[in-house]
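These notes open a run of structures that come right after.
Here come two complexes built around subunit A, the first alongside subunit B, the second alongside subunit C.
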Partner chain A sequence: MISLYHPAQSLIHSIAAGHKVLMLLILGTVLFQVDRLEILVVVAVVVVACYGVAKIPFRLAFKQLKPALFLLAIIFLAQIFILGLEAAIFVVLRFAVLILAASLVTLTTMMSHMIEAIEKGLSIFGHWLPVAKISLALSLTVRFIPVIGVMAEEVREAQRVRGMERNVFALAMPLIIRTLKMGTEVAEALDARGFDSDDETDAKSRTS
Partner chain B sequence: MIRLESVNVAFDGRVVLENVTVQLQEQRIGIIGLNGSGKSTFVRLLNGLQLPDKGTVYVDDLDSQQEGRKIRRRVGFVFQNPDNQIVYPTVREDMSFGLKNLRFPKEDIEQRIEKALIAYGIEHLADRLTHQLSGGEKQLVALVGVLIMQPEYIVLDEPTTLLDLKNKRLLMSIIRDLGQRVIMVTHDLDLLVDFDRVLCFHDGKLASDGQPASVINEYLQLCDQ
Partner chain C sequence: MNTKDIVYIALFAALMAVLGVFPPITIPSLGVPITAQSMGVMLAGGILGAKRGALSMILFLVLVAAGLPLLAGGRGGMGVFSGASAGFIYGWIVAAYVVGMIVERSWGKLNMVTAAGACILGGIVVVYAMGVPWLSVTASIPFMKAFMGSMAYVPGDLVKVVVATGVILTVKRSYPLISAKA
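Moving on, here comes the complex of A and B:
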């Protein structure tokens, strides 16, 4: 989610984020109703073809599946013993198609559009939920995960040059302090850039 | 015009700024002083990030105690560390943050972003992830993120500290061409040579105020003490 967006001009990129998320939900539901392998293969081919339409390189597409390969392998082996080879292929293919489809959505949707779609979805509950704040919190989370990662690496390096190798507790304390300090500065920057934390109509005007 | 009248600021009983009275109306004003002299607190007063304990701060006759939000929309602020100022994961998205806060329509936001990206020569960064930018690129993005909101004043708190020489020159060339009034805190004295006015803070007081050459000279003498 953090670094997935792959900029390109394509039909899939141009589809509204909300529609893509909705299509993903429908696909996920339908896939679990399908019980014929040939239909699943056709869906898989269509999803892979969509990567081509979205001009996403094969290497990047495979990268989305790679972290799940180990888990898929375990599921595959377990299913062979429980239900047999064909069922194992079926289950693993279904998961792979879902992962690829979900990755396609994040690869072709800018974070701000995704967050706008979430805002739109949440706006139904606008009277009960602070929609603008939830939306901003999502953006900030995505934005600052890599920043905190870099910070952790800096603290670790500083400790290593002073003779301390791995120590989770020694890492946690300075990291928490730096993160809190950064939080204060980010809050000031939000103020300075005109974010009105008390004004919920802000979100409503954005999503209307 | 920005006006401070008898302003005092203290943190935990320690006086950080004492009885500062000054009017700021020149196009480019530099702020200098030793570490802990009160210069950052001074500039934070100018857009209401910091409120005075005593005295008043007026921006175009708006009192910072009463009209903080309006003042922050008039006075853009660029922080020393751009990492804490950039809010969204990509440059284009981050540009939209301030404009959304100003409630521009979506189409207008997109047009303004395109114009700003081209005007400041960062269109090649538009879809880059902000955490992958270099320090200079981040500072530029932070500055443009503020400029796109078209504030009447730009306050910069040591914007060149983390930059190499090339990026420092690039940033300064943009700052020199700005139509807005600029108030910049810096330790790079050579950047202030062609400014209209320089203020020097020392121990929370306005120690000297005037033409860059004379104020810088006094500051250098202070440093030697």
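Moving on, here comes the complex of A and C:
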């Protein structure tokens, strides 16, 4: 499984995943309150400096921004005509800073730590949320992605033999049906191994 | 919510990821790339129903936020949720719910028209109703400009509606997972 994580030893890598997400949320909220370009430039410099601290190569940092560049360019051009040059720079820079800051969190946090942080965050709401079920769903999905990927490739091969590889319906239909069949089998296997999802909350209320 | 429900929710979240890997088709006369991913939204709602469909979208987006590059074009991480087009992505959750709700309500008499209607209303109208205002506000561009710019993607979405409708109807006949609701 390919993730966006960039392994390195740094201060930013060592901050707990949950804390990084919290800081990002605060930054996002604050940035939309800021209305002065000077402050924004300072924040931008700090964020870029953090990339240096985290030892992330420039190319990788730029790659995070690349998918958004086209949209940012359109927004920039539209803004110049509507609100003028300074506002255009402001809006585009704010987006760039947010995207870079969020990407920094992603690049410096291992996926497993992130999922652990999510589960830990959820467990606060343990009384209202079925945390065990959510954990199961998360790990199942991560496991299913390559399996369905292989299935999609098999279906494509099979339809290519029939000369149907350009028929979207002939590709989608067998893939969906095979996916659903696999789902039924996996659920039965889980139940057979004692993952009793239905009784979980009842059991808790009985013991307490 | 039993084990089967959880597994199906996870499966459709994974399916979303796989649909994002399929190379986008660019229709020359339109000039915008069409990805299969947003078809997954219609399928999740139309095959799993409102609640499970929406939950599978949330699950998928949680994994994207956790740092898996699962969005079409290999995008991922928390950056996409603060970007200018994030409204469309949030819209998927509501979209899957709405598609599922309409399909559930019309389950007994589900046909080409109702299924396609569900996909258009949920998969297109709802998604744009959330995506366009978000784009307009966060990027400070007038609503009409944001609206016109987004319209370029609608023809591609209509193609997905056709495929999704066919799949939803076939699944209803061969492997139904939704039970009728009044």
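In the analysis below, the second predicted complex is superposed on the first by the 154 of 208 C-alpha atoms of A that agree within 3 Å, B and C clash if a C-alpha of one lies under 4 Å from a C-alpha of the other, contacts with A are read in each partner's own complex, and residues count from 1 in each chain.
Methods note: contacts are C-beta pairs under 8 Å (C-beta built on N, C-alpha and C of every residue); 3 or more make two chains touch, one makes a residue touch a chain.
The model shown is predicted, which means the values in this text are computed figures rather than measured ones.
Undergrad: Could you say whether A:P7 touches subunit B, subunit C, both of them, or neither, answering first, second, both or neither?
TA: So A:P7 only meets subunit B here.
Undergrad: Once the structures are superposed on A, label A:L138 by its partner contacts, choosing first (subunit B), second (subunit C), both or neither.
TA: second
Undergrad: Regarding the shared-chain residue A:M182, is it in contact with subunit B (first), subunit C (second), both, or neither?
TA: both
Undergrad: Contacts for A:L190 in the overlay, against subunit B (first) and subunit C (second): which applies, first, second, both or neither?
TA: In the superposition, A:L190 touches subunit B and subunit C alike.
Undergrad: Looking at the overlay, what does A:L98 touch: subunit B (first), subunit C (second), both, or neither?
TA: The second partner, subunit C, only.
Undergrad: For A:V161, using the defined touch cut-off, is the partner it touches subunit B, subunit C, both, or neither? Pick first, second, both or neither.
TA: Neither partner.
Undergrad: Who wins on subunit A residues touched, subunit B or subunit C?
TA: The partner making contact with more of subunit A's residues is C.
Undergrad: Between subunit B and subunit C, whom does A:M111 touch in the aligned arrangement: first, second, both, or neither?
TA: Once the two structures are laid over each other on A, A:M111 reaches both partners.
Undergrad: So which bits of subunit A does subunit B touch that subunit C touches too?
TA: Residues 2-3, 5, 111, 136, 140, 142, 147, 182, 186, 190-191, 195 of subunit A touch both subunit B and subunit C.
Undergrad: Please output the residues of subunit A touching subunit B within their complex, sorted ascending.
TA: Listed in rising order, the residues of subunit A that touch subunit B are 2-3, 5, 7, 110-112, 136, 139-140, 142-143, 146-147, 150, 182, 185-186, 188-196, 202, 205-206.
Undergrad: Quick check: in the complex, which residue numbers of subunit C touch subunit A?
TA: Going through subunit C, the ones touching subunit A are 1-4, 6-11, 13-15, 17-18, 21-22, 39, 43, 47, 59-60, 62-63, 65-70, 73, 75-85, 138-142, 145, 149, 163, 166-167, 170-171, 174-175, 177.
Undergrad: Quick one: which bits of subunit A touch subunit C in the complex? Just the residue numbers, please.
TA: The touching residues are 1-5, 21, 24, 28, 64, 67-68, 71-72, 74-75, 78-79, 82-83, 87, 91, 95, 98-103, 105-107, 109, 111, 114-115, 118, 130, 133, 136-138, 140-142, 144-145, 147-149, 152, 168-169, 172-173, 176-177, 179-184, 186-187, 190-191, 195, 197-198.
Undergrad: Could you list, by residue number, the parts of subunit B that touch subunit A in their complex?
TA: Residues 47, 49, 69, 72-73, 76-77, 79, 81, 83-90, 92-93, 96-98, 100-103, 127, 129-132, 145-146, 149 of subunit B touch subunit A in their complex.
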